[in-house]
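Two complexes are shown next, each including chain A; its partner changes from chain B in the first to chain C in the second.
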Partner chain A sequence: MNSKTFPGTVESIDLIRHYISEIAQSAGLDKKSSYNLKLAADEIATNIVLYGYEEPGLEGNIEVLDEQTEEALTVIFEDTSAPFDPLARELPDEEDLTKPLEERQIGGLGIFLTVKGVDDFSYERVGEKNRNIFKMLKGRVS
Partner chain B sequence: MSFSIKSDVKDAPESGKVATIYLEGELDSLSARLFQKEIEKVAIESPKDLVLDMEKLTFMASAGLRVLIFSKQKIGPSLNIFLVKPQQPIVDTLEHTGLLHSVTVVEKYPA
Partner chain C sequence: MKVNIKTIKDITVIEAEGNIDSRTAGDFEKATVDATQGEDKVIIDLSQVEFLSSAGLRSLLMLYRQVKARNGKIVLVGVSEEIQDVMENTGFINFFTLTELLEDGVKELS
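This part shows the complex of A and B:
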């Protein structure tokens, strides 16, 4: 398991995204899977920084862990902001997604893209930490 | 951060005003703030067409989608949004979120 720690600030979001790209590349994910993982990671990192740390005025880190097996790449974000389960919120449904732009609600799309883009996304609270877990299967035919 | 944006608004005598925004690099939640400011700037001119040149845009997060929704809500439902040469992952994102049929993807503008 590799680990890298980023301060929970907006400046880190860009850096985390690029770090995730490197991990995806070294795991041999195809272009599409790499992009989807990067997008998912960006959405979750953004939520942690803006709503977990910045909004309540807290300081903390995002620790990015990754582990590879022959079958899968797993990336885990750990942070120490208040418990927040991204999956607890209702995702946009088919009806929401077919509404014209002018009637669209503006929230929920980030989590939707996260869940849609990775092979498995899960959340757990362990002690004082939120753990957001992204799993990508390797060798998918796309 | 690698993101740049510029815009211009031109008068087209027959079709009304055309606002063109050139997006380059990665559009995440931070750069989306700049994108939104640019939309607010061109919205003053009440363009009929909004042309987003995306050929050099390599990444777009949901914050970028929210600005697309915002632009329609700000400028009005009659606004036509054209995306010039968006890259495939961005088209996929628009498709998954149901936004693709609210915009027109083109190779160039005007066609």
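This part shows the complex of A and C:
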């Protein structure tokens, strides 16, 4: 398991995205899967920084862990902000997503794109840490 | 993230370059909303945009509402395959016209 720590600030979001691209590349993910993982990582990192740390005025890190097997790449974000399960909130459904843009709710798309873009997304609270877990299957033909 | 605004005939052309994410979407939105006040023919050239997050989608949504309120039309030019997928998954794609090249976008609005 590799690990890299980023401060939980907006400046880190670019860097995390870049780091995720490198991991995706070394795992041999195709272009589309790499993009989708990067997007998911961006959305979750943004939530952690803006709502986990900045809004309540806390300081902390995002630790990015990754592990590869022959079948899959797993990336885990660990942070020490208050417990927050991205999946607890209801995601936009088919009806919401076909509504005219004039009538759309503004929020909720980030988590939707996260869940939609990776092969498996899960959340757990372990001790004082949030763990957001992204899993991508390798060798998928898209 | 850079935004460049120009006019071709009576069309407002907004060229974006870089990543449109939670850090840059605010600037992108302000620049585009300001540039399209009172305009009803708008092209956004995204051919130099590699990454667009949900924050970028929200900016497009706000811009769409402003232009649509005047019965205007927005053409997106040079949208990458990956961003097109995101727009499709979120049902955004149906509300914009997409063209590969700027000249096709201009034709679309002429």
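As a convention for this text, the second predicted complex is superposed on the first by the 142 of 142 C-alpha atoms of A that agree within 3 Å, B and C clash if a C-alpha of one lies under 4 Å from a C-alpha of the other, contacts with A are read in each partner's own complex, and residues count from 1 in each chain.
Everything below uses one rule, namely that contacts are C-beta pairs under 8 Å (C-beta built on N, C-alpha and C of every residue); 3 or more make two chains touch, one makes a residue touch a chain.
Predicted model only: the values in this text are computed from it and were never measured.
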Task: Combined model on chain A where chain B meets chain C, clash or fit - done: clash
- [ ] Would you sort A:125 into first (chain B), second (chain C), both or neither based on which partner it touches?
- [x] neither
Task: Which of chain B and chain C A:89 touches, first, second, both or neither - done: neither
Open item on the list: Per the contact definition in the header, classify A:100: touching chain B only (first), chain C only (second), both, or neither.
Closed with: both
Task: Partner chain in contact with A:38 - chain B first, chain C second, else both or neither - done: both
Task: Partner chain in contact with A:14 - chain B first, chain C second, else both or neither - done: both
Open item on the list: After the superposition on A, what does A:110 contact: first (chain B), second (chain C), both or neither?
Closed with: both
Task: Residues of chain A contacting chain B in one complex and chain C in the other - done: 10, 13-14, 17, 32, 35-36, 38-39, 42-43, 46, 50, 92, 97-102, 104, 106, 109-110, 112-113, 116
TODO: Report the residues of chain B in contact with chain A in the complex, numbered from low to high.
DONE: 1, 26, 28-30, 59, 61-63, 65-66, 68-70, 72-73, 77, 89, 92-93, 96-99, 102
Task: Contacting residues of chain A [partner chain C, same complex] - done: 10, 13-14, 17, 31-32, 35-36, 38-39, 42-43, 46, 50, 92, 97-102, 104, 106, 109-110, 112-113, 116
Open item on the list: Per the contact definition, I'd like the list of chain C residues that touch chain A in the complex.
Closed with: 19, 21-23, 51, 53-55, 57-58, 61, 64-65, 68, 81-82, 85-86, 89-92, 95
Task: For the chain A and chain B complex, residues of the former touching the latter - done: 10, 13-14, 17, 32, 35-36, 38-39, 42-43, 46, 50, 92, 96-102, 104, 106, 109-110, 112-113, 116
